[in-house]
């Protein structure tokens, strides 16, 4: 078996506050193989972005990694600090942010931003970097790349800017890309194009992708496997088709029922009662039990198991039921 | 771009015309110019002759126009107090003020930006906290007290530096005199330059710091970090450039303020510049000098504002007229 | 219309009581109690203002009463008995034998009076122009805001100097010293109205578009009643912050002008005038004539400034 590009084991992130220690990410484990796209879903505040930031070493203080391991191509990267971590960023791990309108420096041409990134990481000269910058823009589908290299970000539309952002994240050929809600800020018509582009580039280059989103549609379209997060913990992890069609965790089930998927043709959308607990008011036992239709006494006292049968972190996982 | 510049130049000229009107009204209506110029012993013929000579028998708009015409040619009349051409006096005093303003401006901008960037990048460090606390006192401290304090320390107690005047000066060309070339001139410049520059420096520093902190929170800085750019490149290439956009405007205005605040510094140090001239003019109600100073400083202010606006467009590409956009 | 009026006009003592209670229980008061900077600067401001107001009672001598002066007492250092008369003075005496402590108390009166009056004048003028330009709009607004823009490009101290110079020119020579204080108030006030006008205009524009203003207009209330009763209260907290910060600036402006010799006359010396006088003795060793007025001015300016800073953070209005 080949080593996965990214391997996270029992990763915990903590934020010390006056009300005690918050755990936005709590003992999360997953792998991503080369060329694979792992979708990480969950509501806002579920810890999915925080996990991504932990991997690339960009947690905002006072948040910090409190336990677990992060391995990139087999080597541990979680203890790396400062300069060593900086060299990993961009070179080994690329990152794509949510809003292309604010991700690009408005005062530098996109050519400048591309060449600067490549010159930082690759042993090439300015001429070569400029040539590659044009090629990179070409590759992400920007028409007339050669002429537009000296344009400023404001001269591009939102979708085009996100293409530039992707080119920037990939220009030093990282083995892992973390895409944090890459389509949320875009027009619906552009979303699919961006997802398709990301998918194509990663397949061609064998890049592993952590695709963070709250949009089940995006997951269904792009991901190979999916990790569902709830209140900092991994609720369910499995191949995308299985998780979407036969969810085992009641939360995933609720999430699927509340997502308008064209294939299902439901007339009414389901709602999960209540809302996700705040990090400083975590219930005892399984974090989901106050909202769970299947909660039993055990769920109220014992913390949920860590991914029991390899799919769902639940005491009473839903096994395929005939009718609902 | 061209349309923008033309519009701004138009606005500037309008402002100058209004200021000119104020200056002219002062000249025309504050006291009686004839009284002021002739004094007690005069004949009716003298009065009539001077009235005609000054054009005071003409209708108001004609007088205003003539005043402007004169002002453009640098002719502001004769000082009531010194009995000499105002333009001549101003020209004689200008180099002292300009040299002082130049040195303090450079000091304030260079040190202010450096300290601002430093306190923003090391915002949790002890040094940064001390600098910030000191700057709060600096902002509340009136300029003239700083001057007096410096005189007390370096002139009275230590005896290192002179407390007044410009030292020895050297003439360059027809009318420029400089203190840069002699040791006593350079020594005399130190205390006034610090006094004048300190307030602007703290202001620039605090502004740079808060703007830079704001910029460092932006997504594109996070993205630059996420691409593994070197910390130096992130701070100085990406963050500083964006910080400078709003800062340039304020620095421009500060340059104007330096000229105005030079009045205070020049009085404290008896620096023979335009500001000291202006204060004396106010004390003795020497209207032609006041009017001329008002016009001069307005031209300077309006010019600086205009320059800043145009500079702004060069720094921020978003303001440049789009190649594809429909600006006309 | 009568309904709203009766609702607003509760019995006065009830309003007083609940207002005071409201205030004591407010976050604002809580934050104030918890901030050492605010408490200390507030205390300093109170002490200085009170000692200025009650100067005639506190001051050992009246420095402007020639009968109380003894030239023999000249240049007495602080807390040392004078060689000729044996009199001792807390902060020493100046060249004419005036008690420096007393001149500071009286000087602070003038500084505070000029500063407060100038801010009050600027506030009334700024609020009026802000309301008018925001409420009526049109060419009134254009003219007022254009003037504000032009004035804002010049530092206010320069504007104050110019106004002082012009006003001085208009005053007949024999009244110049007498009028100097009022001219000073006019000059500083006129140089400082723009901030008030801008904030009030902004608030007016926001409130004007709201339904209750339209309703008040429909039932025929006069524009001034609407502006003062409905719109102005919304702008009060930023106005208060600007007024406090302006007070610090006005005190400094007054001191600066007086120091430069274009402000309070030697017959009615403010702190700035005292510092101007004291600077003359800097080289001859009589440091106290300069030192104590300078410290007083510094304490006054710094504490008002810190209070204003704190107030801005506490009320947190979006200042433009």
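So that you can tell them apart, the chains are marked A, B and C in the order they are listed, and the count of residues begins at 1 in each.
Assume contacts are C-beta pairs under 8 Å (C-beta built on N, C-alpha and C of every residue); 3 or more make two chains touch, one makes a residue touch a chain.
Computed from a predicted model, the values in this text were never measured in an experiment.
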{"item": "Category of the chain touch graph - line, ring, star, complete, other", "value": "line"}
{"item": "Chain nearest the overall Cα centroid", "value": "B"}
{"item": "Euclidean distance of C-alpha centroids - subunit A vs subunit C, Å", "value": "57"}
{"item": "Between subunit A and subunit B, centroid-to-centroid distance (C-alpha), Å", "value": "54"}
{"item": "For subunit B paired with subunit C, centre-to-centre distance based on mean C-alpha positions, whole Å", "value": "26"}
{"item": "For subunit A, residues that touch 2 or more chains besides their own", "value": "none"}
{"item": "Of all residues in subunit B, those that touch subunit A in their complex", "value": "218-220, 222-231, 233, 237-238, 241-242, 245, 315-318, 322-324"}
{"item": "Sites on subunit A touched by subunit B in the complex", "value": "56, 58, 86-91, 94-95, 97, 99, 102-108, 116-117, 120-121, 152, 154-155, 165, 168-169, 172"}
{"item": "Subunit C-facing residues of subunit B, complex", "value": "15, 18-19, 26, 30-31, 136-137, 139-145, 148, 151-152, 156, 163, 253, 256-257, 260-261, 263-264, 267-268, 278-279, 281-283, 285, 287, 290, 294, 297-298, 301-302, 305"}
{"item": "Partner subunit B, residues of subunit C touching it in the complex", "value": "150, 153-155, 157-158, 161-162, 164-166, 168-170, 248, 252, 255-256, 259-262, 275, 279, 282-283, 287, 290, 294, 297-298, 301-302, 305-306, 309"}
